[in-house]
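Next come the structures, one after another.
Common to both upcoming complexes is chain A, partnered first by chain B, then by chain C.
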Partner chain A sequence: MKERLRFLRRPSGAIGAAILLFIVAVAVLGPLVAPHSPTQPLGVPLSGPSGASPLGTDYLGRDVLSRLLYGGRSVLGLAAAATILAYVLGLSIGLVAGYTRSLVDPMLMRSVDVMLCFPPLLFLLVLIAGAGSSVAVLIIGVALVQAPQVSRIVRTATLEVSVRGYVEAAVARGERAPAVLVREVLPNILGPVLVDAGLRFTYSILIIASVNFLGLGLQPPNSDWALMIGENRSYLAVNPWAVLAPAAMIAILTIGVNLTGDAVARSLGRSYVPRTVRSVAT
Partner chain B sequence: MESPVVRVDHLALALNTGEPVIDDISFQIAPGEILGVVGESGSGKSTLALALLGYTRPGVAFRAGTIAVGGESVIGRDTRSLRELRGKVVSYVPQDPGGALNPSMRVGDAILDVLRAHRPQASGDESLTAALARVELHRDRGFDRRYPHQLSGGQQQRVTIAMATVCEPPVAVLDEPTTGLDVLTQDRVLAELLRLRADEHVAMVYVSHDLAVVARMADRILVMYAGRVLEAGPTSTVLEHPQHPYTRALVSAIPDVRQPRALRGIGGVSVGVGDWPPGCPFAPRCEHAQPRCESSLPSLEATAGHHDVRCCRWQELALEQAQETSARTQFGVPSGAALLEVSRLEARYQSQQDDRPAVRDVSFAIEPGECVALVGESGSGKSTIARCIAGLHVPSAGTITFDGRPVKGAARVRPLDVRRRIQIVFQNPYQSLNPRQRVHSSIERPLRILRRLSQDAARHEVDGLLERVRLPARLAERFPGELSGGERQRVAIARALAAKPDLLVCDEVTSALDVSVQAAVLELLQELRVDLHLSMLFITHNLGVVACIADSVLVMDNGSVCETGPVNAVLNAPANDYTRRLLNAAPSLSHERSPVDHPAGLKVTAPVRPL
Partner chain C sequence: MRRTLGAIVALLAASILIFLALQVLPGNAASAVLGRNASPRAVRILERQMHLDQPLATRYVHWLGGFVHGDLGDSSVALAQGATHAPISHLISGPLKNSLILAAITAMLMIPLSLGLGVLAAVRAGKPTDHLISLSSLAGISMPEFVIASLLVAVFFVALRWLPPVAIVPPGGDPLSAPKELVLPVATLLLASLAGGIRMVRAGMVEVLQTEYVQAARLNGLPERRVLWRYALRNGLAPSVQVLAQNLQYLIGGIFVVEAVFGYPGIGSTLVEAVGNRDATLVQSVAMLIAVAYVLINLVADFLVLLLVPKLREPA
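== the complex of A and B ==
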């Protein structure tokens, strides 16, 4: 739909979308075009760029370019999975809390507050220490860290929308809560939610990258951008590309997501903000 | 005659893209005179008001003409010298005082700010006391130390008036200063302004869409439409003998407490900037339009008594005028079993900090086909009653009986038939339709849910319902964002009618609409009532609307009913003191002006002729 792609007309939207497309292309197609194996040593460790390996080799002599091309999948995949899971949790909690406004709301929100008390990284580290390091733990952990914030935003948006006439009209028709939420509320909170989803995705990337960098997430010999930074950081002076290339990819990805989110927010802005009403005297 | 303080000469403003916003406006204002500028939204009246301060909205620029205020030309000055002028020579009172006052500034400081900008040497203390006293906010009660949020809407507006008058400018521009205030507060603010004019001899430009308010305030009226003056003249002659069909339509669109009559809306939509027709801008909506109206723009012609009109047929039309006003028709209501009976209703307003009764011990009945009005100020609990009846608010005590059977509190637990037969239309047309759904799916929903129609059958009925509320069928495919306020409210009414209700609860359905649109919506509701034998509970703060549409009325004050009875009886001979106050405060075209409104010496001021 043309309407949905309106954000592309903004420079920030077009650039952001191009970056995202590029990163996704690298992650998806990278392994197909990678010149070498990401795990087999190619030659001398930490050699500089050469014809065979344009970005040189890492501390074990593996080709940096090939590892870079393989390393996008885990970053994108884990972050996307964690963000989606965070949304499944946060959206349901936020919608229910914002819509019912009865006892459920304070109960849900206080438990959310408790979750918000934990520093995200610390929470994840404790979880990994307890449950062991696996892809599932990583995804669930990041989702649990993110869900409270999602639910707060969704709740606030829902609170605002659920007193509008069209929601009340549906309630007066006697429609069930799920029908009201899906038909009347959800489409109208999509604006802030979509924008937030972009930001959450960025956070997820950063948290996962941090954990991987600390060596507590994905384990070697996996190729992962954050893992690559962590492995090679001691040898920054010898072959800087082994650290800078994956770091640049993460940075570019983050910028791309933010630019896109911002452009989407602005393009939605006009249709989501109701025109000011001149005189409403109750 | 005194020399005018405001002299506007052939003023024209246009968008940067070239489309005219205001064209060929000329008028003068004498010291102490009040000029009322009237028009629908989009008529350019606010643009004109701001132009008097040398301000144009971004994208709008002066194109031609001159404005002189207090002898000084306004156009062509730089920002710095305009700032010299504003507040000292001409000041501005905005529409929304809550948004206009700096929330982090004590109101006393805000007023002093204006003073210091123009009179650094003046004694701030004395001037502040005087400025506040002028609007009856007394310093000894600490008003100057308050922040805007600690004041009521009316007090906030009085602070902006104090700000506008602290430097005693000869001219004040007021842009809808009482829109959004309730009647009693509006009445006080208007009285304040009239006293200011009498005491300080301030000339005012009073911009409003409400002819009844302007009738009370203005000495002369300028009727604007599509950026042009269609009619101008002394208030009494313009209102009593309007010459232009547009003014006549506006006058007959006003619900008047003192002269209840059948309201007539103005058909069509007012023209926006960018699509002005070549001829008379009102011709497309005018019932007297002839081909020549559409070909060329009529000039502003003088009629008798300093009265100007821009219509090529005004002389012919003047003859037809006599038969136009028709008294409102009262419907005989068959008394019998009540359709809805509310008895000893109590509803509480609950929030985390607060638990207080919003409605106390309210009882009333609606007979089949009857229209009962519920009147009161903001916060009087009238909307809560509507919500209780619609099943959106569960009452804490009392019973609601519908068609002989008691109904439960929440809509969810009411039987389908009751939900179908009671429908509600909400106040704010900008929020009553789901912006993500096309008009037809909004209307189909009650057909599917409440009348259990199939998808096809529902789709089939939509066109008929749109026609019922006088909307073209092509709107069915639109989104609410593409509709005007009046059109949205019609769609909301169509959505309610889709259920084939017996009782329609209208919660302030016209309060956000322009007068002409309001009249059209009320006209529609009246027609639906007769055709479909609907009963109505009509909630409003506007007594004029009550007089024009309701059969009986309940006056609410602070959660309980203080007076009830047939409309004629209550409005003509109110027994309750609060009702009397409401009635006296209601602006009316035939407002009896008290002597303070027209101080001696001003009464005889010859109306100033437009150039």
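== the complex of A and C ==
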């Protein structure tokens, strides 16, 4: 376990982890300590900070601080759900493609090519235009955008591991493919996969927030941070806190995830840093 | 050549995906447009106008055939509102031009800035300049566009009153006639996209600067500037071209949000509005148009890399 927490020794890792802890605490404990209701008007719309509402009220007169404290759950929850679903899909496809090198493999690579034809946000918008907007569409859409790339990373890692001695030994012992995959291959590709999961999570946060901001995702009176920014943006000059507070929360959350991901990648050593596009020939 | 073929196949698959998402998922595009309370008769009339009474495959071939010939079809929402003829190509030609202007300005600033700052950070690797560039680009890469935009508006409009918070261009107007309005949208796109480019250019250059041929050039007494620009940059650039292409592609995605934030009448805000109205045909054609642009950028980038790095040109 100590080995796993080595990234905390880096300043960026410690700061990033502290930020994440703070945001998770806000999301989990926020609704318990919020002074007012997130959906019921408290007073005059867009009034400035006061004793009753330290961050003032929003365009409908609701308490900004309370909405902020309630809004973290959807930001973290939706992104986590989408990332997990992307991993369930990507991990299973990638493992099978990389290990069996069957027909799944070329099909996977082609589907990655197709997904690379769109900006991810466009794919999500097309899906929303077709299926309407709901929590399920958001989660499934973001998972579908990410799954091909997840499976490609898993596939590459699996290809590398599956020719190692311990895998061949397991095969020689007569173990079946599922057992080999779960017991031998999976634990050994976990390093690069975990680093990638951090990146995907940030990415899910960003894309879901963008859709919510555009008003095409979660609908009012939800107190999602991105939705708060979108709703109150026109009144920025009247009560800036209604926009700046949720904007600051999203900003420090994404910076925190990035810092942590960076530190984890570095502490795992260079070989685990996701390789960048080195050249077109490879 | 093989790559071009692959791109065409991928685009075809993409077109099927877009078509299926929009025409199959909700059951019926016509009733989605008209809303839940529409009379069955109105739905049937619109269905006929949208050719929804024909089989799926026929509709797909019809749409794609039209698309290839530049006929993008009619907007389903406009048809629902009683128009008999509402060609999408007319609806989007203005916004398309506006978006291209916004993207071109951003790209013109983005490419030299990311190259310049990336090379600077690589040459000064480990020194304060490098840390400053890396740190500020990390902040940029982390934040979604609408957060950056909101912060910029808070500073430059609410606090300083220097720049307008919106970039509204009247229909048929020229966005360049009010250059002040374009500053914040362009700045937002730059802040969001520069980081990735700088990081990659830096990584490529740091690696190349340690190679033997660069050391040899230095030991031969060539002036540092010549070593840098003539020897190192050429090979250091190969991955960077890819990244710049990715950045241009990013620009296409980022422009949706930025246009919506600033009320800029471009292709992105058109699309966002069409998604809100559930205008299936409009979304379908705009999405396909964007996919084509996206793939073209990739092809051009691949070609440029081959030009830059002769080593990669495979003997046939």
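Observations on the structure shown:
The rule we apply is simple: the second predicted complex is superposed on the first by the 268 of 282 C-alpha atoms of A that agree within 3 Å, B and C clash if a C-alpha of one lies under 4 Å from a C-alpha of the other, contacts with A are read in each partner's own complex, and residues count from 1 in each chain.
Just so it is clear, contacts are C-beta pairs under 8 Å (C-beta built on N, C-alpha and C of every residue); 3 or more make two chains touch, one makes a residue touch a chain.
This one's a predicted model, so the numbers in the text were calculated from it and none came from an experiment.
Of the two partner chains placed around the shared chain by superposition, chain C is the only one that A:Pro240 touches, whereas chain B remains out of contact. Within the superposed three-chain model, A:Ser210 lies in touch with chain C and out of touch with chain B [touch as defined at top]. Once the two complexes are laid over each other on the shared chain, residue contacts for A:Gly230 go to chain C alone; chain B is not touched.
In the overlay built on the shared chain, the residue A:Val171 is in contact with chain B alone; chain C does not reach it. Contact comparison for chain A: of chain B and chain C, C touches the greater number of residues.
Using the contact criterion defined above for the overlaid structures, shared-chain residue A:Val44 touches neither chain B nor chain C, since it reaches no partner. Of the two partner chains placed by the overlay, only chain B lies in contact with A:Pro187; chain C stays clear of it.
277-281 are the residues of chain A that lie in the contact sets of both chain B and chain C, per the superposition on chain A. Chain contact summary for the complex, chain B toward chain A: residues 41, 95, 176, 179-182, 378-379, 383, 387, 390-392, 411-412, 414, 416, 419, 422-424, 426-428, 430-437, 442, 445-446, 449-450, 481, 485, 492, 495, 499, 508, 511-512, 541. Contacts from chain A toward chain C in the complex involve residues 110, 113-114, 116-122, 125-132, 202, 206, 209-210, 213-216, 226, 229-230, 233, 236-237, 240, 243-244, 247, 250-251, 254-255, 257-259, 262, 276-281. On chain C, the positions that touch chain A within their shared complex are 6, 9-11, 13-14, 17-18, 21-26, 32, 138-139, 141-147, 150-151, 153-154, 157-158, 165, 200, 203, 238-239, 242-243, 246, 249-250, 252-253, 256-257, 260-261, 271-272, 274-276, 278-280, 283-284, 287, 290-291, 294-295, 298, 302, 305-306, 309, 312, 314.
Put simply, chain A touches chain B in their complex at residues 164-166, 168-176, 183-184, 187-188, 190, 271-272, 274-275, 277-282.
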